[in-house]
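In what follows, chain A forms one complex with chain B and a second complex with chain C.
The block that comes next holds the complex of A and B.
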């Protein structure tokens, strides 16, 4: 049932104001990003306005920048590893937290969400302190494990939301027909869970690829990830190269999930 | 029971990870606050309260704490004011492509936080859109200093946190039975009254969840003041980073981290008593 808006004068004007403000907020959210994308095609040697002409030269420069390429590769590998391991661990935890009753469940629920609520600065210091205490150097392993911890809450929440929607009777039917717990999961739960798992993998990948604050603490000496590399470049100057880099990254991180969603829609039909 | 044991097997990897990477470090951190700082990178387990005394007596730290709380509060409130309206619009509109509006709220989560933050340089900077436009029209002669100020830091944080706020409020609004609104209207409320008496109170849980999330994330921020702020705009997170990574004063860095952890923990605890922690992320897990 739809509530009618236009019945009194204050309602009409109120609604117009709401509409205008909504547009303003959307402009606020996207204007800076769009400006960056436009400036990446600027021929000028400086990163800002005015536009002096269109050029792709900064993209070309980017592909010859060794440091950027190295940071990109580092970030991609860390993100892939994190996405795989974190999703497996997260799906297991989500199964336990939605399908079973046990003592301390509430506490576990809170604990799994914790890494998303504790400021990254504190998580960053904590893990460094642990390494110092254990006399271990900062390594790639630390970085990956740290990213897994950071992304875990989001996997659990995404998968949990989907698991609640999957009726338990399907699993119970399989179990009562003699399937083992594992084959029940593989044959019944997993296929139904697939959309959430794909979403979780993409989410973890972005969280890891995008992480900066904690990575500044955890990265091994001399190693840069993509975001820390951008920060290092920003400290020197706002070069047009950074705009080109930003645009490419937007293309990758927004384009991939959108393309994925679109392909999904075409393959599996339009389901709202 | 066997069922229970299996649940623990499933939880084991996550649990081990969290105990080693989250719980244990915080315990070590608490112990470290009582260590004595000798010189950069060197400390001794003398169990002194010197770090705590320094924290409680030196107004330098109190100023940082106060500034951080103020900036985080301004950010959270600005997010609430700017975020409620679009959430309300998306909920109320009869626009056919509502999904597009929702999708556009998710898109910022996919765009690198670093890029979103530095893109503000192009708006606020001396060569940024605002200054260049104003100068070319002739309203101002020389660029206005907007970048590297507290305002720029707040702007950057609002930009980053707004989608969290809108989604939280939207989820809360979605839970409202629209018949209540029609009932209020039939009983003689004006639309403004109906909003004030029905919609607003019922959407408060989402608004509060958003406020808390924005406050906590803003108070813990480190990178935004780095990119958009000047030297004077450093927040508590920057103080912690500098104490540890530059001065290598681990005992004091630990003390400051525990302070931030406890203060933000209290905020979250008060909230979760009334709302439940998981409401915060409902918006994100859709």
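The block that comes next holds the complex of A and C.
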């Protein structure tokens, strides 16, 4: 009985420790975000505590800042393009890698994942050197291609994981009932794959929209993406405008996947 | 046209009649050939299928009659599923021909084959309603929409699940899902229905119920069916013919009774039902009856073909159900004295393990009065007619 109690007591303390640690981790993770969001509403010129009053002036300033708006548009377009191209190519690659047997499949599989493993700086410098060697100027195309390279592995990984879960018999059943390979993909594989595709699109969008390291190397002269713009602004001063901008970016990068997940759940939740 | 019996016509007209008969025979011969062609629904001609060094199916010849229910039975890896998948078009034979409904389909892609497939795990499209699942194959056959709705309804009636059109597969039980899968495969009126262990995912009670149901539906539709299973009970209960396979070869192809009563090899004898396999040597063989000296010392009589030569080594196969325990042996029966080593009492029947004159025998008997217990002395008897002899190559002597 006594032993039992002792065990229970240590169990209770153990759980308390776990709870405390968990809270600490969450505080550490979210405190910077919360601080940024709160300070974006601060009236003071100097981005810091204590707050001197509530104000939306920094947001107003932000929306009048031509450079920021241009960078924002650039980033959105690049992210959308990257998401579309990556998803199409990634789904096809994942299909090939899970559904077909061919020589060098293992190698292909590793190679397609590689850009996710190599440090971004190396990729950034590498692509830049390649372009120098080929006497090609840095262009929007290069920037988008670079982002596609960075994000493609994630699409392949996400879609592949889902494809493995979709039993082959579904496709075999469709084929046996008279659907061609394309009809089978359209009618059976694609609908079952949709949650993974939605996830992949959001993931790619976020990866592209957030990227700074590689973008710094690849962007054409005079072009800023959202993150590089923030970096440029930081070099001048820590303006509260940046807090406002950060808040907006958080809203987009967090809000999009959440919205996507919600849409996904409404669309497909009742089917699986 | 009716030909009068020769005894009822004048003698003079006989040659003329003979001529007519001859002509008729000539005409009817090709007709007979045609008849044969149309009654074979599926014809495999020396089909071989290899995966690298592994030979999954070895030079298999198999003709399946139209409207029949044929079971491919064997342990896993025996090639039965590979044969099914090659008929479906999911794998391509390395060599040989596959003819379905008179058409060579080796190079026809699966979606142009008109074949009904039912899988072990149903494989209903989870994102489509029952109705859309069943209608799936019809959509690719240019069936008008009203006709589709009518056919779907009829198919659901046939599998005794009317009114579930709008449900999703996940809202149905396993047995119901399998019925829908069956309806989906049958509704396209395929040349052949292929069933890949369709009952093995169901629990025991349901499996037996579905077994009967499946057989009734198959009879009603009259569809040629190939059924793959490793369950010998299913095979015996459902099939018109059983094809027993092992190591990519057909061991035996026959009716359930033939396969059960006269197993063609050691493998069939031990895979299907319980058998006693007893080694011995032919001491004499006259007029279909052989005296066999068993390795254990005893001597028995057994029905034997002429090919069972004196002095050759044989294995005697006796079904456990054919052994009589503790009864007065009929005249001409073999009788061995033994002792019960173990009893499994099953209510209506009992399984005895008996040590008799150096042999260990299993007897599955119906209990009339008395249940023997361990240690009881009993006589075991069996008729020479119930013995099947296997030669040294483990094949039945014929």
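FYI, the second predicted complex is superposed on the first by the 252 of 272 C-alpha atoms of A that agree within 3 Å, B and C clash if a C-alpha of one lies under 4 Å from a C-alpha of the other, contacts with A are read in each partner's own complex, and residues count from 1 in each chain.
One rule holds for everything that comes next: a contact is a pair of C-beta atoms (placed from the backbone, for glycine too) under 8 Å apart; a residue touches a chain by one contact, two chains touch by 3 or more.
Quick caveat, the model's predicted, so the values are computed rather than measured.
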Side-by-side fit of chain B and chain C on chain A, or clash: fit
Contacts of A:84 with chain B and chain C, given as first, second, both or neither: neither
Which superposed partner A:198 touches (first chain B, second chain C, both, neither): neither
Per-residue contact with chain A, leading partner among chain C and chain B: B
Chain B versus chain C as contact partner of A:169, first or second or both or neither: second
Chain B versus chain C as contact partner of A:28, first or second or both or neither: first
Contacts of A:152 with chain B and chain C, given as first, second, both or neither: first
Partner chain in contact with A:180 - chain B first, chain C second, else both or neither: second
Spatial angle chain C-chain A-chain B, Cα centroids [nearest 10 degrees]: 100
First (chain B), second (chain C), both or neither touched by A:76: neither
Distance in angstrom between the closest Cα atoms of chain C and chain B, superposition on A: 11
Common ground on chain A, meaning residues reached by chain C in one complex and by chain B in the other: 181, 272
Contacting residues of chain A [partner chain C, same complex]: 167, 169-170, 172-181, 183-184, 187-188, 191-192, 268, 270-272
For the chain A and chain B complex, residues of the former touching the latter: 1-5, 7-8, 10-11, 14-15, 18-19, 21-22, 25-26, 28-33, 35-36, 39, 46-50, 88-90, 92-93, 95-97, 99-103, 108-123, 125-130, 132-133, 145-146, 148-149, 152-154, 156-158, 160-161, 181, 206, 209-210, 212-213, 216-217, 226-227, 230-231, 234, 238, 242-243, 246, 249-250, 253-254, 257, 272
Complex contact set, residues of chain C against chain A: 88-90, 110-117, 119, 121, 123-127, 136-137, 140-141, 168, 170, 181, 184-185, 188
Interface residues, chain B side, partner chain A - complex: 3-4, 6-8, 10-11, 13-15, 17-18, 20-22, 24-26, 28-29, 32, 82-83, 85-86, 88-90, 92, 94, 99, 101, 104, 107-116, 118-123, 125-129, 132, 159, 162-163, 166, 178-179, 181-182, 185, 190-192, 195, 216-217, 219-223, 226-227, 237, 240-241, 244-245, 250, 253-254, 257, 260-261, 264, 268, 272, 277-278, 280-281, 284-286
